[in-house]
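Chain nomenclature is as follows: A, B and C, assigned in order of appearance, with residue numbering initiated at 1 for each chain independently.
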Amino acid sequence: MASFLSLLLALAAAPLYPGIILKVKAFFAGKKGPPLLIKYYTLWKLLQKGSVYSTSTTFVFKLGPVVSFAAAVLPLLFFPFAGNASLFSFHGDVVLMLYVMGMGRFFTVVAALDTASPFEGMGCAREVFFSTLAELTLFAILILFYRLSGSLSMSSFFSEGNTLTLAGASGALIVLVIVALFMVLLTENSRVPVDDPATHLELTMIHEVMILDHSGPDLALIELGAFYKLFFYAAFIIQLLCPFSLPLSLLNIIFFFILLALVYTAVGVIESIMARFKMNLVPKFILTSFVLGFFAVILTMGVLQ
Amino acid sequence: MLELIFLLPFAAGIAAFILPTVLGRVLLLATAIGHLTLGVLGWTGRLTPLFEHFFGASPEGLLILMVTSFIFTCIAIYAFSYAKESELGAERVFSGCMLFFLGTMSMVTVAEHPIVLWIAIEATTLVSAPLIYVHRSQRALEATWKYVLICSVGIALALLGSFFVTLALDMVELHEPLSFALLNSLATQLDPIWLKVGFSFIVIGFGTKMGLAPMHTWLPDAHSEAPSPASALLSGALLNCAFLGIYKAHILMVNAGLGEFSGNLLVVFGLASMVVGGIFIYKQSDYKRMLAYSSIENMGIIAVGVGVGGVGLYGAFIHLIHHSLIKSSLFLSAGNILLAFGTKRVEQVQGLIRSMPKTFVSFLAGFVGIAGLPPFGLFVSEFLIIVAAVRGHWYLSVAIFVLALVLVVAGAGRVVMGMSFNEGDAPSGTGEKFVRLAPAYVLLLASVTLCVWMPESIYTTILHSIQAIGGFHG
Amino acid sequence: MINFLEVILVLILLTVLLSLGSTRLVALVRIMALQGVLVSLTPLLLKGHGLASLGAVAFYVAMLAIKGVLIPAMLIRAVKSVSIQREIEPFVGYHASILMGLIFLLSAVFMTNSLHLSLPEGRALILICAVTTMATGLFLMLARKKAITQVIGYLMLENGIYLIGNALSQHHSLYIVEFGVLLDLLVAVMVMGIILTNINHAFDDVDTTLLGQLKD
């Protein structure tokens, strides 16, 4: 029951949180900013519209948004929100999640290439390159979690008895993981300093340039998928932060969703105080996150078992 | 109050920064004499340390203190005239830092606590850096930067080594104030792994400061770019202080039964330094750099002497004394030549025998001394070290040792003979002067005297110094 | 209960890694300031190293001030005065440097595990952390060209040594000695800063590759 509830809540609330980022950025700029529910309005607006398809595109172009949306929702089904058991879980589901997300990215990229626009090809190349690097980090973290918990399933990472949190026995290592994961979050979700979602020049875009040709409901699906993806990473980080062991599961869930705002606020703060990197510095950034993850793995070989 | 030995130069140094430059020169000389007096008092055991946890009079320390003090007095006389004629830009800084330098070196010699010893040695680097930069040229800047950076890193490693040694002490679970005496008394109980690691770092660290190859790279630059009085002090006194750090660690190793390990390490580093010194002297075209490489070579000889032990130990200490006297005399003579010719290039200095006969005599005599020929003491010491090495069956080392010595004599001989006897233009700079000649002669004379007649007290002090690691028969 | 000592040590490793990857000198100095603070805090979190006496309190406050504020402030001033903000072409590139950090940590762990050193209980992580920090400091001095970065490398080396000295060994009765070490460090950075400014005046840059006139 709690699992269903938290999943539904997650699906419904995911578009809310990006509004927090916008609010934080507006606060730093000394502005009032858009309303918190802005993303819901945008989605609603997009769904009202019709789609426009270029005559040179094929069915692949239409497939892209649908598959990438599905690939963003699917991992949430395996996610144990606030320590509640997830809907599905089996040994190795984390690996499946990562590959499902990879598949979503693949279809986004293929759809973008289908338009035959040179800009989109450029964006694809960047996106794929950076994501490949980020995958290294994720797998380093998985290796670490496997060493610490002896399992490869999301719900067993965070089930009771396991201590993959800051307060646990290997809390020090989790510090490294949280930092690394946050860096991956910024990379995978095209946030500053890796990519600037608000930029207006195709040449400097990474993710945005790939979806330039989508419109209407297709664009809405892509946007919603992006919200879910960001939500997934943010939830992952929050799960590592504290164990959610309050007696009532409802309380846990509320606590969880409040803490989530923290991650989004952090993203907003970073977007406000940092400029985006030059394109050639991005690999260094991702590599740093990988090494952080690997640092943690190395330390498990030594003393912090 | 033993601490006066370094407090006096410190106080004088501060005063030199405030007083007018002319008074500063007088102060340099006055402090030198005062320091020598205090040194003699300390030598005779009339000074007791106030903070006996940190300071104390060890025989090897006293020996180096006396050498330092004597050389400094001669250099102070020399600097009196040198500073005036070479028109040093920042003479206050020069005088002040010379005094601080003396103070920190004295502190090294009386330190009884490993970390205090480290603090003092690091301080010598910091206060002598301005001395190298006195001429304010780009080359001097480069030399200073290398000196500070390389030595700081090296000495930082020595700190690491010292910490490892204290860590070995921690394992014994004993809570008494740390000192060399305590370490030596507990030596056999200490963890040998930590001691070995610690000693290796100490040799690398203080070895950098002492100029052991391959960590010597700062030394030729610093010694050639510094004004001659400072070079003489760097070479004649500072290197000894770094050696003292290594020697004290070596005593501990011998007491812990690890003398073979530390001895071998010292021999390897020593031979490497000798070879490097020999090779670079052979192709040298800058006479101050040549002297610097000769210092590297001589420090190598001392390290080998300590490493092989036995009579070699005695030889090493004799070598240390004579090298300091002769090398500082050579640097002072080189300073005279530099003042006269205005260049450090060998090929531009010619006909010393005619144009500067008195400097020629001191320079040539210095060369004879440093080459290890009688009547100077280096002959005796090198002979003793070779004897000890043969006794210990270090045949390969002896071969390398002798080869390096030959290389040095050949290389340095070529340079010195060329400068002395070739035909050439007379110098255009400042001529010879009694104040700048006498110190060089006095230093050489001291070396000859010690060779012919060694005072009983010096002899016994050397014996006390090496007794800790077995004396003649160790 | 969060193990603060381990967290701090891991954070030190984090600063080490960040320093290997940072191109901007000001950022590098800030990282060093953070590392200085973390390193100064370490002994306080060790068992039996509490603030036992007035001397201890004075010492730790002084150390925090010197490592965390005074030295970084001097470095920031140096960076400002030489008007160089980035290290563009280091000897070893940034990606390779970051991977080197990985290798340093790996070898530190390997060393600690395989040497079977006799260490007090629970101190192995400190040794790992210290060795990595020292290796990185030395590496920075060799791999970077700008004089300021080399000073920072030296500081990092000192931090690592300090971790070993102050955290591993228990001879803590003599704060005056520790203070002497700290003072030496401070003066060393000051002297290096002065030479640095002079290098900048003489060469219009603080690139140490310009310092190549003296050789045989």
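By our rule, a residue touches a chain if its C-beta (ideal position, glycine included) is under 8 Å from a C-beta of that chain, and two chains touch if they have at least 3 such contacts.
This is a predicted model, so every value here is computed, not measured.
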Chain-chain pair with the highest tally of contacting C-beta pairs: B-C
Most distant chain from chain B, judged by the mean position of its C-alpha atoms: A
Identifier of the chain whose CA centre is least distant from the whole-structure CA centre: C
Separation of chain A from chain C, taking each centre as the mean of its C-alpha atoms, in whole Å: 35
Chain centre separation (chain A, chain B; CA means) in Å: 64
Separation of mean Cα positions, chain C and chain B [Å, integer]: 31
Chain A partner contacts - residues on chain C that touch it in the complex: 1-3, 6-7, 9-11, 13-14, 17-18, 21, 23, 94-95, 98-99, 101-102, 105-106, 109, 112-113, 124-125, 128
Interface residues, chain C side, partner chain B - complex: 115, 117-118, 120, 134, 138, 141, 147, 150, 154, 157-158, 161, 164-165, 168-171, 173-174, 177-178, 180-181, 183-184, 187-188, 191-192, 195, 198-199, 202-203, 208, 211-214, 216
Partner chain C, residues of chain A touching it in the complex: 166-167, 169, 171-173, 175-176, 179, 281, 283-285, 287-288, 291-292, 294-295, 298-299, 301-304
Complex contact set, residues of chain B against chain C: 53-54, 113, 115-116, 118-119, 122-123, 125-126, 129-130, 133, 138-139, 141-146, 148-149, 152-153, 156, 159-160, 163-164, 166-167, 169-171, 175, 177-178, 191, 193-194, 220-221, 224-225, 280, 283-284, 289
